[in-house]
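Each chain gets a letter, A, B, C and D, in the order it is written, and its residues are counted from 1.
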Amino acid sequence: MLISVQQQDFEVNKIIDQLTQGRSDIGAIVTFTGLVRDLSKEKDLVAMDLEHYPGMTEKSLKSLAESALKKWQIKDLAIIHRVGRLHPTENIVMVVTISAHRKQAFDACEYLMDYLKTQAPFWKKEITRDGEHWVAAKQSDLKATSRWEK
Amino acid sequence: MLISVQQQDFEVNKIIDQLTQGRSDIGAIVTFTGLVRDLSKEKDLVAMDLEHYPGMTEKSLKSLAESALKKWQIKDLAIIHRVGRLHPTENIVMVVTISAHRKQAFDACEYLMDYLKTQAPFWKKEITRDGEHWVAAKQSDLKATSRWEK
Amino acid sequence: MKINLLYFASLKETLNCDQEILELDKDIDTIQDLKTFLVQRGGVWKSSFLANNALLASVNHQMANEQTSIHDQDEVAFFPPVTGG
Amino acid sequence: MKINLLYFASLKETLNCDQEILELDKDIDTIQDLKTFLVQRGGVWKSSFLANNALLASVNHQMANEQTSIHDQDEVAFFPPVTGG
């Protein structure tokens, strides 16, 4: 299990290598990477500040990872989340799941992202040319999370 | 759109870079990598031979990619499939989808893999210490594909 | 009892406070009691802790609810709904 | 008419043949007709094209079914269910 809250960037290849090294039982690797995007036509997003709760954030990701390893037939997983000031096109988060078969890896990766979005103590603030504002929590993320509780 | 049937290996990072270069509208990248695994306890899988139908395979992947771009709100995608002799832990296939939001990227990536498994003309032959045998098509793959037709 | 109280994100900015050590009376047992106590400070404290139902709380790094009890030396935190990922 | 006929994977090995150019009578219009023609060769041809319902066919790189028609200069292929990915 690889959990990290860090300021520096990450490389998908290296995380995959770390997880799969020395194993021959992996048939499927699913990765999710979340990036800072600027969807506005004016390209007015200057930066994104990622705040977190040191101590609690790491614990919350670890307990999320443990729940995924119990719930899905996956062999291992990684969750890397950046904090601090990020800019458009930069990586924010990465989740990797490895398993024998693809379905479990896909489901576990989606599950991890859904819970991370609604449970882990991170907060985004957008710095635009017109000022700063905190990103509001999305109803769609809460809905996405609740579907795993059936 | 990046489609390739090739003997040589691929690198996840490079494919992602190719797809996302110069874009600031991407918030989500999902990758699937399929590997040669040896699930037997005796580790008796020596190699995997990947045969394909030159000409038809490429067309079939292209038409699959086009259907995904129509069906899902994704910005672009890549499908790379290796052929020839591969060994345990080596990469076989990679699918990458990029989009604004994560749900579409996840769904499109799963859709592409499900269809690739049942529609694209590739055939696997396992070379084990006890001899060679062609891999049988799986009922579970056909079921996985049919769920998208609802 | 003494607790370490933390505030994050927009709440931290509204209150203009990220952390305080609080000496609490014995009759403050739960997160709900603590909120009521903070409301009594008036101003932005009142509006933040009275009106904001979406506000989340944690006790010793575990998500908490209104009924979660608070003990001496606990680390308690209040923050808005999370928006990572 | 003349067609280019290809075989893949286990079928190719069973038939010990990967490709042939076939001159066909005019009464062979469809994949079904072609299969019936190949069955008449007997031996592994008979068992492969008579019994194997799972066998797939393509005409000019498009997936085909029993009723798909065949024309002069077509590239036709037979193969087992695919197992890539």
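Just so we're on the same page, contacts are C-beta pairs under 8 Å (C-beta built on N, C-alpha and C of every residue); 3 or more make two chains touch, one makes a residue touch a chain.
From a predicted model like this one, the values you see are computed outputs, not experimental measurements.
Averaged C-alpha coordinates give centres for subunit A and subunit C that are 27 Å from one another.
With centres defined as mean CA coordinates, subunit D is found 49 Å away from subunit A. Distance between chain centres (mean CA atoms), subunit A to subunit B: 23 Å.
Residues of subunit B found to touch two or more other chains are 34, 113.
Residues of subunit C in contact with at least two other chains: none.
If you sketch which chains touch which, the chains link end to end in a single open path, with no loop closing it. Chain pairs that touch one another: A-B, A-C, B-D. Interface residues of subunit A facing subunit C in the complex, by the touch rule stated above, are 34, 50-53, 55-56, 59-60, 81, 92-93, 113, 116-125, 134-138, 141.
Per the touch definition, subunit A reaches subunit B in the complex via residues 11-13, 16, 20, 23-39, 43, 88-89, 100, 102-103, 105-106, 109-110, 113, 144. Interface of subunit D with subunit B (complex): residues 6, 8-10, 54, 58, 61, 63, 77, 79-85.
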